[in-house]
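Here come two complexes built around subunit A, the first alongside subunit B, the second alongside subunit C.
Presenting the complex of A and B:
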């Protein structure tokens, strides 16, 4: 039953570009990006209970490093993605080490993650090689002559790319959740003292979650760089980016495999529709999306504190 | 006697308070050993020192000859010390089976094998019917049993049980006594238990350590210990022993 539902969903998603226009595709690409980033954050917060409010740092490094390698050295982003991943994991390793070594936990750890994202924003603003505050631009190839190994293509190409990445991330989290990692992470999240008494090395378990999360987030960065083809430190590393990507997993259901998927599938189209509506009405209301997200977050936490998916799964009789 | 656990002049000070005061004793492999004493006598602190949740201010603790005092709790657990918490600490969002699997994972690399091992532990502890219940939804006696099950799943050489009988009905106490005896006999697991339920202590323990104000005031067989005037005065009182 579950596999049939997944197969139908998969077939449907694969067929979408045959019927959808550019706008619909662009919204779905955004949804998939948020699934990918949400899954990354879900590993760290949902499973291992480590709050990060600075995931824009890992997405940003995952964007800048492959973009720079491509611009300056002509390295394919399919290879550059691993360099970006390494950079994100290095940054996460430093933050994680500081937090875990010095017992900086909970909200204080979150402040540490914010601080590092801010440091990156300021630093990239002043680095010549990254184009500084003026931004980094990736030249566009005329459609038709674009090549997939340089991650250059039209909306249909990015639709399938991001769909694959979102599905892959969800698959990875599903596997992790049932593996040794998932059990130890949840134990550490629920009660670190009890977990330690059962032989769990807290530092190792938490660090693993932090590194996996950063690596996954960095992959989203490649899409950010090569789909939008311009990078500004003030946008990429902005705290609003870090906050935006945590909404889908919270609303969908933290520490569940499908939570970030359900959250992103609801939130992103709703936000886009609202923005379109406001524009249609001729209203000048920047930030209306943020207000709507905020209200939705409050509503969900009020009514379904553990998110939409656990409730939905029960209604549908799955898991 | 070949001591599995040797506690050598161990003290622990909390600011001005000497919670454990130069306590020494040895527990032989395969023994069932009880620690009794009034509330605040330092029993749980002693467990925390052995299990590594706290480091001693002075003294040494050895497990099979190796010094373990000051080691991290997970390192001590890996060396074969399983413990329960007096104030139970289940993983509330995980099911009973998953809670026990976390214990099994210490000796088992894969989740699949840990699940098989957890089934055996659940069988022994009578958890089959509650396997898929979230641990947060269990009653207190069930949570106490879960503490024991989880510690057992780590396949310990030395099992530290902190008041696992408290709050159990007399028939449940008998059941737990039976299970512990079985584990001790079948696997040779050494058990050190803190217990107020004297009925369980008398039934299980070969020897009893009595603590009062952090210090050892008696050590011997249950019969010897309850006959000591000092023990009667500080702990048992003059009423009938039940």
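Presenting the complex of A and C:
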């Protein structure tokens, strides 16, 4: 039953570009990006219980490193993505090491992650090689000569790319959740003292989750860089980015495989529809979408702190 | 570069830092007693800035004078917020509290954005250019008055917690919640009072901040972060620590802006934070838990 539902969903998603227009595709691409980033955050917070509010750092490094390699050395982003991943994991390793070795936990740890994202923002603002605050622009290849190995293509190409990445990330999380890692992470999250007494190495388990999460987030960065083709430190590393990407997993359901998917699928189109509606009504109100997200966040944490998916799954009988 | 010039920059940093300190004091009080992270702290500071801007442009009220009623308004807001919204989240998982207040922050700052637009709103005080000259140091009048009032209010809050019965009762809640409840303290009421006092601090500080910076919604995140950095550097639960942390950050930023580039000044606060977290996580004046 479950597999049939997944197969139908998959076939439906593959067929979408045949019927959807540019706008619908752009919204779905956004949904898939949020699934990918949400799954990354889900690994660290949902499974391992480490609150990070600075994931924009990993996405940003994953965006800047491949973009710079491509611009200056002509390296394909398909190779550059691994360099971006390495940079993100290095940063995550430093933050994780600081946090875990010095016993910086909970809110303090979250603040540490914000601090590093902010340091990166200010540093990138002043680095000449990244274009500084003026931004980094990736030139578009003329029509017809666009090539997939340079991650250059139209909306349909990016639709399938982000769909594949979102599905892949969800698959990875589904596998991790059932693997030894998943059990160790949940044990460490739910009761670190008991886990340690049973011989779990807390440092190693948490560090693994942090590194996996950063690596996954950095992949989303490549899409950010090569889909939008411009990068500004003030946007890429901004705290609102870090907050934006945690909405889907929280609203969908932390520590569940489908939570980030459900959250992103509900939230992003709803936000876009609201923004479109406001524009239709002729109101010039740039904050409406965010106010709605904020109210939704408050409502969900009041009514269903464990998210929508666990409740929905029970209703549908698929838990 | 003369020593006098440098001294002037340091004094300026101290004055700004005193206002920052009052803002952070609010955060420290809430965090220290209720153990809830007020992630909307900077948003309330910006709310107070806009209130001061409205008071000044509509009725010509000096922001330093307006700080008092704005502070009282924030007290009521904080009392209600704790009573009706935050109270059920006390003692819940940290990330749930955080998400609740991040939601409040999002709503608040975007309502301000919708109401006042993205442009910065300046308060042009008639005495903005007045200054006192003491030896080689030049003191802005506006900043000096704001700093003096902030220092006085900080002292008042510390005195309240140290010497009054209610203040002592709130400290009892912070030290031993169960014990406080056992001896018959109305913890819910005291928590609401604490949140109110916390927001009163940020309200007063925010109103006075318009003498230093133009009101704008984009400031909110930065104020929240700065408040946290100050509290952690000074030491959580130490009220004098918030004052010390505020002055340190104020001086640090003023020096960085003067010696290097103004746009890089926040870098130094963050580096200072990382250093304190790694070397002395309880903060400069905090006690080891």
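Quick notes on this structure:
As a convention for this text, the second predicted complex is superposed on the first by the 319 of 319 C-alpha atoms of A that agree within 3 Å, B and C clash if a C-alpha of one lies under 4 Å from a C-alpha of the other, contacts with A are read in each partner's own complex, and residues count from 1 in each chain.
One rule holds for everything that comes next: a residue touches a chain if its C-beta (ideal position, glycine included) is under 8 Å from a C-beta of that chain, and two chains touch if they have at least 3 such contacts.
Please read all numbers here as calculations on a predicted model, not as lab measurements.
On the superposed subunit A, the positions of subunit B and subunit C stay apart, so the two partners fit side by side. Using C-alpha centres, the superposed arrangement gives subunit A a vertex angle toward subunit B and subunit C of 80 degrees, stated as a multiple of 10.
After overlaying the two complexes on the shared chain, residue contacts for A:179 are found with subunit B alone; subunit C is out of touch. Contacts of A:201 after superposition on the shared chain: subunit B is touched, whereas subunit C is not.
Look at A:255: by the touch rule set out above, it reaches subunit B but stays clear of subunit C.
Counting residues of subunit A touched by each partner, subunit B versus subunit C, the larger count belongs to C.
Residue contacts after overlaying the shared chain place A:241 against neither subunit B nor subunit C. By the document's definition of touching, neither partner reaches A:55: not subunit B, not subunit C. By the touch criterion defined above, A:191 reaches subunit B but does not reach subunit C. In this overlay, which is a superposition and not a single complex, subunit B and subunit C have their closest Cα atoms 13 Å apart. In the superposition on chain A, no subunit A position is in contact with subunit B in one complex as well as with subunit C in the other. The touching residues of subunit A, when paired with subunit B in their complex, are 178-180, 182-184, 186-187, 189-191, 193-202, 255. Taken together, the subunit B residues at the contact with subunit A in this complex read 51, 53, 72-74, 77-78, 82-83, 85, 89-94, 98, 101-103, 105-106, 109-111, 114, 150-151, 153-154. Interface of subunit C with subunit A (complex): residues 37, 85, 88, 92, 94-96, 98-100, 102-114, 118, 221, 225, 228-229, 232, 261, 263-264, 266-267, 270-271, 273-274, 277-278, 281. Chain contact summary for the complex, subunit A toward subunit C: residues 45, 51, 98, 102-104, 106-108, 110-112, 114-116, 118-119, 122-123, 125-126, 133, 239-240, 243, 250, 254, 285-288, 290-291, 293-298, 301-302, 305.
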